[in-house]
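Following are the structures in question.
Shared chain: chain A. Partners: chain B in the first complex, chain C in the second.
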Partner chain A sequence: MEQLIEQLKAQIIEALSFEDMTPADIDTDAPLFGEGLGLDSIDALELIMLLDREYGIKLADPKAGKAIFASVRTMAEYISTHRTK
Partner chain B sequence: MRIAITGIGMVSAIGMNSAETLQSLLNEQSGIGSMRVLGSVHRELPVGEVPLTDAELKAKAGIDAHEPVPRTSLLGILAAREALAMANTTCDAFISGTTVGGMDLTEQHWAEYEQGQASENIRLHEAGESTNVIARHLAPFTFHLSPFTFTATPSTACSSALNAIMLGANLLRTGQAKAALVGGAESLSKFHLNGFNTLMILDHAPCRPFDADRNGLNLGEGAGFLVLEPEEEALQRGAPVLAYIGGYANTCDAFHQTASSESGEGAYLAMSKALEMAGLQPADIDYINAHGTATPNNDLSESAALLRLFGDKLPAVSSTKAFTGHTTSASGGLEAAICVLAMQHAFVPANLHWHHSAEGLITPVTHTQKRTLTHVLCNAFGFGGNESSLVLSAHGIDLSESPLAPLPEPRLNDQIVNEQMVNAAEARRMTPQTRRLVAAVRQLMVSTGVTHPDAIICATQWGCMLQSMRFLQDMLASDEQQLKPTPFIQSTHNTIASLIAILTGNHGYNATYSQGKQSLECALKDVQTQMSLGLIRSALVLEFDEQVDAWDKVLSLIGDSTQDIATARMYRINE
Partner chain C sequence: MKVESQIEITPTSVVLNGQAIAVEATGEKMLVELYRRFVGDYPKFFKMDTLSRLGFIAAELLLKHSGASEHSDKSCQPTAVILANRSASIKNDRDYLATISEGNYYPSPSLFVYTLPNIVTGEIAIRHHIQGETAFYILEKPEDLEPILLSTFNFKLSTALAGWCECSEPNSFYAKMQLIIWNN
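Presenting the complex of A and B:
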């Protein structure tokens, strides 16, 4: 799980163009939206695409992302049980 | 001056002309179905396609099969010819909105460009050039010279055509045009079908505007044009007047690049100001042709704005997008033309596929209703929160006139741009050139003290080319799979003017023109015209283009290139 979390942080930084950030700057349990990284609805779409591209997980309903993207940890947990690649 | 509409022309999935469109509307016959012409892999997505191939459209328009013509222009030529023939007059101004322009040709021929094959199609990528092609095919003889003295292409995404109508009306009111052909044209493209798909707002079933269970929009294509002329001219030559321009307004929601605010602030302001110009009260409106795309966000936001303005006295409302699909940049022209048809034939078009109401949503008219329509409101909202509303009236409404006043001297951002004026968080999604322009605008706002100009107008030849090329190349390389939404969101020409409005909380007039090397001229014409009419007192004019290697490689085949341009000018009428 820890390895997946580190990998995921790097992928989030890349996908969302956080140029000056490193994985160490992201708190695994901090909220991704609102506070924390302060992501918005465009980022949510980018994260849905990231799940599809990197882990073969297809979310048909953008609203489903809300619980999954609560924090890096919730995202990693979801990936570990639903990944198809 | 009373502005008369003496001709309308339209092409869409429900008809190749006004008569066919009228029949489809009265018969409640939707044009949305399976993809037949657009060569996308996403066959699962229903579309409102004009059921003719490019070759068939050329044959119908009498255009040589070998002449390169973007599909946007083909649709535009047919609709514009109908409007001109109906009005039985000539126009000196032609204003046609589009965003797709010749993107269809670019995506079809990209592989050839990459192999170094020069082609006439390359030049046609430009939005303004697709308008010029329409203009050349409207010449009364076969000289292929544009019959117009002024041509402009507003490119504000899905509100483009309504903004074209507004500029046309303003040109008449300042005596700069005798008659104006105004509206918009847009074909389907793989580019924007995939783009909307990345936003997860395309319904896999026929769209259901304002329904509780609506699940997104269907893209459509088409064109719609009006011929505008002073009532006096129309009466003098005995031309029948179909309807009048009552009032109009464009505002910016200043909230988000693709989503509308919950309260529908921009939409509310646009509708209120359009009514104000027309001297009407909300209770005077008999029918509203809503933007009504059927996305969860638009319909809720538009409903909030409608309920705020009309309260419990909401007139008949319908979205005709369940007939035509969302024809994006053409929608304002097509739907204004549909409103004129509805007024002429005394009916309210149906909002097809509506079944369930929900808290916060308006309830539309679900079947065709026979009704005399005196005043009608037509909405078109675009990316970047670009919100436009038009009032059409059965009887003449006096709009103020003014001679053209000289443009005040601008203040330029002549200092070296301090890029520190854009912080890292803000800059995250900006291209380097966007960042420079935003910094330049901030400096100019400080040096002039004008932080909330009445208008923000951008001139751009190629638009936001860096993100457009990213999305296009990813789309072609991946066979339309797993695309990133951000490049698409930032690919529309009006990204820059919208971004400035969002960053500065500016709800004022917001426009973008893409007319080749004349783009700035068009933007300044808009400023001067609106200042002369007293509609605005200050305007921020932006010039934007970016040097992009991928597109430069293509342009080099025809001896052209892109360049970095980021300038800001402030125009202000002194007290």
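Presenting the complex of A and C:
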């Protein structure tokens, strides 16, 4: 799980163009939206694309996104049980 | 119509009110260098396409580092942003197209939002709290903007940020922007 979390942080940094940021700068349990990284709706779309592109996960239920994208840890947990690649 | 201050940016040079600003990097990396030196507190810059980065940096230097507000007897806070170029958002359009090419269908939302050239005027307006008009024209050459300013905006505006903001290829761009005051 820890390896997946570190990989996911690197992918988030690249996908969201967080220059100057390293995986160590992202708190695994901090909220991704609002506080924490302060992501916006376009970032949310990028994260959905990231799940599809990197892990073969298509989010069919938009309501599920709130829980999945709560933090890097919740994303990683979802990926580990739903990934198809 | 009086030009209060002016900035010109090419991939290798920055000239603000006739004074060159020394830069080490060139092309798109130069825009990042300018951001780090003169801005630094607006991370959204890194999500912008090159056209918006160019316009954003030009506006930032023009409005916050030109000294215009210090020696003018009028308020130099612009009430409008009026820009133009020849190639619209073609550089970013190509980048976006690359994300929906055959066999790689992952259209990027963050690239899609910059597939209109007038986004740069919005980015500038948001940053500087400009709540008046914004307009972006597609013209053949920079000189074609002045007749529009005179015919369309004369007597309607007091101060505006206006000029050319062009980016057609990676590391190929040109901005010439002015802070204009109407003596109405």
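Heads up, the rule we're going with is that the second predicted complex is superposed on the first by the 82 of 85 C-alpha atoms of A that agree within 3 Å, B and C clash if a C-alpha of one lies under 4 Å from a C-alpha of the other, contacts with A are read in each partner's own complex, and residues count from 1 in each chain.
Basically, a residue touches a chain if its C-beta (ideal position, glycine included) is under 8 Å from a C-beta of that chain, and two chains touch if they have at least 3 such contacts.
This is a predicted model, so every value here is computed, not measured.
In the superposed model, more residues of chain A are touched by B than by the other of chain B and chain C.
When both complexes are overlaid on chain A, the residue A:R53 reaches chain B and chain C alike.
Of the two partner chains, chain B is the only one that A:P62 touches; chain C does not reach it.
Contact with both chain B and chain C is seen for A:F18 once the two complexes are overlaid on the shared chain.
Chain A residues in contact with chain B (one complex) as well as with chain C (other complex) are 16-19, 42, 45-46, 49, 52-53.
Put simply, chain A touches chain C in their complex at residues 16-19, 42-43, 45-46, 49, 52-53.
Residues 32, 43, 46-47, 106-110, 113 of chain C touch chain A in their complex. Residues of chain A touching chain B in their complex: 15-20, 38, 40-42, 45-46, 48-49, 52-53, 62. Interface of chain B with chain A (complex): residues 198-200, 256-259, 424-425, 428-429, 482-486, 489.
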